[in-house]
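Residue numbering begins at 1 within each chain, and the chains themselves are lettered A, B, C and D in the order written.
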Amino acid sequence: MARSEIVALILAGGQGSRLGVLTKYLAKPAVPFGSRYRIIDFALSNCANSGLETVGVLTQYQPLALNTYIGNGHPWDLDRNKGGTYILPPYQSSERSDWYKGTANAIFQNVEFIEDQDPRYVLILSGDHIYKMDYAGMLKTHIEQKADATIAVFEVPWEEASRFGIMNTDKQGRIVEFEEKPEKPRSNLASMGIYIFNWPVLRAELSCDEEDAHSDHDFGKNIIPKMLSADMRLIAYHFTGYWKDVGTIGSLWEANMDLLDRPEAINLRDRNWRIYSRNPVKPAHYIADSARVVNSAMTDGCNVSGQVEHSVLFNSVTVEKGAVVRDSILMPGVRVEAGARLNKCIVSFGTIIGKNVKAGADVEGECRYSNTRFCQDGITVFERGLKIRDGAVVPGNCMVEFLEPDTIVEAHFRV
Amino acid sequence: MARSEIVALILAGGQGSRLGVLTKYLAKPAVPFGSRYRIIDFALSNCANSGLETVGVLTQYQPLALNTYIGNGHPWDLDRNKGGTYILPPYQSSERSDWYKGTANAIFQNVEFIEDQDPRYVLILSGDHIYKMDYAGMLKTHIEQKADATIAVFEVPWEEASRFGIMNTDKQGRIVEFEEKPEKPRSNLASMGIYIFNWPVLRAELSCDEEDAHSDHDFGKNIIPKMLSADMRLIAYHFTGYWKDVGTIGSLWEANMDLLDRPEAINLRDRNWRIYSRNPVKPAHYIADSARVVNSAMTDGCNVSGQVEHSVLFNSVTVEKGAVVRDSILMPGVRVEAGARLNKCIVSFGTIIGKNVKAGADVEGECRYSNTRFCQDGITVFERGLKIRDGAVVPGNCMVEFLEPDTIVEAHFRV
Amino acid sequence: MFINAMGLILADHKRIQLGELSRPRALAAIPFAGRYRIIDFMLSNMVNSGITCVGVLAQQKYKSLMDHLGTGSSWDLDRKKQGLSLLPPYINSLNLDSSDNDNLSGLLDFIRANRFRNVVIANSNVIFNATLNDYVSRHEDSGADISVLFNRDGFKSGPPAIMLGMDRKGSIKDVMINPHKPVSNRRSAGVVILSREILIDLLNDNAARGDSDFSVESLLRRYMELRICGIEYKGTLLRINDIPTYFSSTMSLLEEKTRRELFWAGLPVYTKVKDEAPALYGPLNQVSNSFISDGCVINGSLADSMVFRGVTISAHAKVSNSIIMQDVYISEGVELDHVILDKNCVIRPGIKLVGQKDFPVVIGKGAIV
Amino acid sequence: MFINAMGLILADHKRIQLGELSRPRALAAIPFAGRYRIIDFMLSNMVNSGITCVGVLAQQKYKSLMDHLGTGSSWDLDRKKQGLSLLPPYINSLNLDSSDNDNLSGLLDFIRANRFRNVVIANSNVIFNATLNDYVSRHEDSGADISVLFNRDGFKSGPPAIMLGMDRKGSIKDVMINPHKPVSNRRSAGVVILSREILIDLLNDNAARGDSDFSVESLLRRYMELRICGIEYKGTLLRINDIPTYFSSTMSLLEEKTRRELFWAGLPVYTKVKDEAPALYGPLNQVSNSFISDGCVINGSLADSMVFRGVTISAHAKVSNSIIMQDVYISEGVELDHVILDKNCVIRPGIKLVGQKDFPVVIGKGAIV
């Protein structure tokens, strides 16, 4: 079959509000991950490595950083003249002007785009999961099984199953039941939010769903149950391997640490399945005489003179002499000044941690930025572009943002 | 100076409602023009030929066709990794979600994009004018004159001056007064809606304008008069050459005919200033034995067996044997069947004119599609994707669209 | 799921020369059909099949080919990985594989570096419009070592003709070049499909033997050692073997069936974008049964001809049965019949040139007549 | 408004050889500074100046250069018009300009086809980070026929040294190669600026004389007939003339000033994107004063070294004062001091290699030691 017969659509419109200040200025898929990447790199690279050539990215919330990051799609080899990457925001037409109301409505509003591409199959992806998956294999199953829709599923531990949408299948892999967050799950196959539909089937379902005033216009809640009740052929495609939804501060931190603790779990070194990203154009990183770096990952443009342990550093991070960074994630351009100590901190773009600051899990107490709703287990998060005062003390479980200059935050600047 | 020091922003969000059915499914800048082009090709090609590398296209109304047409920017050599073409739709942020309210507000909503590019100068363009202009020359004037803003002006005939925004300048070219559609114009220098601003100046003006609840958020009505009243240095840049606003059915028709009647006026054959466009990938056009083609322009994929006089044919148009097309504009994929006669007709994408149809200026009378508000001088317009019944008779000054099948329109299909 | 093959196009053919038209350029780069170069057809077939990695093997005079192909963006082959590679004859002192066999070693490197299961190798003198997916599947299913496309053109369109003798199972049992008494009308279409592993073996073999000849012909000659199967191509197929077949192939495009099958069967033929203005017809012209390309200005009379991009035909000029290439200028009162004008020629006022169907007058690139 | 110049980079230099490092590749393609090839610096200077058309003149062993440059997209030079062109030595039977002088005629075609007012010609062995706009303006303002960048390095960094004698107006009055008794410390930086017209004249001249030598040196030797002016370059500038200067230039990047001026002065140095994983530091490493690139896995000890992309340094290995190129694998217990390992080398467990500052041990590409 021709590559144009399948179109991938990545849902990248959500705010990702549980990531707090990390998504204040950018959509969740644009959040940095794993030293070199943004979260959406995984979905885009999977598309490229699977041989897909037409990818629509549905954006809505703070799309600028994401649009600029994706640009012409060249880093993922998706800058095709025919096909390639399309950014799909909501728009006005002579009949209507609406923001996207749910995952299904977002696709519905882009029916015309999809029709222009004239595909046989549509692959629906989420822009905020970390995994490597060959969608061509899933498509093969979809075609062989003559499915109306195929849903990727993943075995989760039984004790967690009630947090997911659970698929009950028969022996042939056909889905017989779907339960959203069941109290007593009868299976541990969780939906990964990855769907392949025959386009004519999906188009009809979307139109129908759009008419339904009671619908939330959501794939999991509305479209899939409706198709099941209409006895359509829905097939489960089993995925094994690393998969993580990085929707919370805790899971984002864990997924980053996974790269250090079990790098083989999602092998980033596999040259047959590279994860592409937009390159920052910086020189190789430099480790000075006074530095000590263990159990850590880092990338171009870093400059380390201090101590870095079990941490993930993004490009152009500076750790000055005498600073100690442990179990932390430092996003592009962060500077940790002399004598500062960070423990389980996530520091966003360009923030400067002043001299002798003490922050994170090993600092007891509370402060105005304490936020146990989003931050647990001692993780402290810093907004982008902050200057933290020299000598400031920031306890664990904080979400530090700019409100006004105070004893912790000195200033905020554009990065 | 570096190419990144100036960013061009093309206002392409307007519906262009005076073009009636031609802009039912696409924004005005995406309307076909001159056999091979879309209206926006002129602004984009001017940018490319002027050496600009970063171009933002602000879209809002029916942007899909425009987005797909612009794609990665490759046809205009604007598919840069750094810079290049950006489609800029309205979006949601944590504070607000708004459609663009006026030309100035559209730019204001993209302040963050512009800041990311970090330019010294911003060039504001309209996406719906036909002209060739070296913006680098205008920038040179702007810099040499140490202007806060430079506005391109064009000498219009005195009798038409009251239809334009008129600039009154002193001898050095400094603008001393601006009158929007003055009854008694004191100059015939009309604003072309092309502005260069020092970015810090514009940014400040936009913020200020945004606060003003009485403002229409329009460059011509608000920003420019405000800057003049603050005694800022506004310079007029004189443009000579072909320039046409193709905002009405009449002016669109005229501008197309200009290419036939005075091809030297806007020389499309100048190899030092090519007008680029997205190529349809069709073979050379074919003229059959039975054909007669005079005073006409056409392009790839056409297939002419009938008579074509003083007309502009876009790609993949078929004119069957015995059909006569005069003074008309046939957009991509139109088919004129045997024995049909068109006179002063504009036929949109893929419409089929059935056998022996008679339509246009030389047909007297009225019908349900008569529309003298948009159509004058006998010009008749057909919506895209129509099938006109064999033998139908359509008078001049009609705007034929699909309402229901009737004696003129047989059906409507997707193109 | 998607096609698992790379493409290899041979830009030259040692048995094919097109006189004046070949002088400044490789066979693959000869202009054809108004907007194209010969190579565009095979390249488009590959791209339309979903092939994303194509090597073009050039021996000589490849500058215009290089200019034409550019970054490959016109065929959407300007890719980060793979894409379009021009493989020039190449001297690399390091190459340990075959020190005196540079061309093959460059090719070997290229094939080793790109891990596709199959390789489609094609001559550039054959023009058709089809996807190759089905042929690659049939090759894989058949278990043959090599599959070769053929049609039943027999000796039509002149030498070089590689005629294939086949048994009932479709295996090649005989290969004859320009045979006096052909035993079959099956003629190779110059397109073969084989696995990457077998190609690497064959190339290593050639290199070890010091045999630098790499051609479709030389692969087919292996029919004794390898299982080579024929697959019939049933669509319209044009062969460019010399000036007369170049001329007749062009003229056949004026027939509706050929035109439809090569251009309007749903598969686009990509070529370098030139961004010319639309063609402009003046008040005085008389045009019939002709192809005209963008950028032309037509004021004279034109019949049964193929006109490339950017050509001017002045008033009172008469052109018939001719092929007029890019940017030619034909002055007032010129008369041309059965003429091929290469790029950039200028024909001065009143000049008359008349050829014959089998002997068209050919004027080389840039001549001022 | 914008810079009106095209660039021309000479990928080879007949006086410069880097031993084992030069064996598989042109000078311009020699890996440098962890992520780069030598040519990246000059190419980035041109791109950062707004130059959109660059020709790279290659004489031999240009395959790795071709692979590195690709479509030019890493430098944003994958353009429809202009962009990046590799100009190989080229045989074109049609070329009427200089039938036995193929290299120059290909270059002439290239310069004729691209209509920029000025041409910046640069050797690839000189490394600095600056835009050229100011120098092009100064050239235009001066009215000189040719301008040449120089600095006051004198004979530092060894031969070949082209020393310039200048009068008080800045005009070149003497050009000496590796002089015994230098009269000046002004040394050519291997970058000249001249108008396209003059370059075309000079090339035609050379071609007519059958002189196929085209180099910065040969242009400077014209100081008697042409007005050649020197412009001083005052920033940090590294010269790669042989293995010792390659080694010392690399080591100088470990000094903060050099590092800052070459990498952190605001102008990016572009190179081919490799999409490697981030570098990973294990629990046992000890690293000091070193550059490490993406894709490395560092478990051993590393001091005062430059490590390219994708290198593995196993536990208990000790590397100091060394340059380790792409994808090298260093096994457990290895000891290296003053060593240069080319790409893809494998050093087996327990191996010890020790060189000296002026005589580093150099191991060629792909060796298994």
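Keep in mind that, in the parts below, contacts are C-beta pairs under 8 Å (C-beta built on N, C-alpha and C of every residue); 3 or more make two chains touch, one makes a residue touch a chain.
Computed from a predicted model, the values in this text were never measured in an experiment.
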Taking each chain's centre as the mean of its Cα atoms, which chain lies farthest from subunit B?
D
Comparing B-D against B-C, which pair counts more contacting C-beta pairs?
B-C
Using the average of all C-alpha atoms in each chain as its centre, how far is it in Å between subunit C and subunit D?
39
In whole angstrom, what separates the CA-based centres of subunit A and subunit C?
47
Mind pulling the subunit D residues that touch 2 or more other chains?
73, 80, 273
So which stretches of subunit A touch two or more other chains?
74-75, 80-81
Which residues of subunit D touch subunit C once you look at their complex with the stated criterion?
23-24, 60-61, 63, 70-73, 78, 80, 83, 88, 90-94, 106, 109, 273, 365
Over in the complex, which subunit B residues touch subunit D? Could you list them?
1-3, 51, 74-75, 77, 80-83, 136-137, 139-140
Contact set on subunit A toward subunit D in their complex:
34-36, 74-75, 260, 263, 268-269, 274-277, 279, 281-300, 312
Which residues of subunit A touch subunit B in their complex?
15, 24, 59-64, 67-68, 71-74, 79-81, 84-87, 89-94, 97, 99, 112-113, 115-116, 414
Can you name the residues of subunit C that touch subunit A in the complex?
1-2, 48-50, 73, 76, 79-81, 131, 133
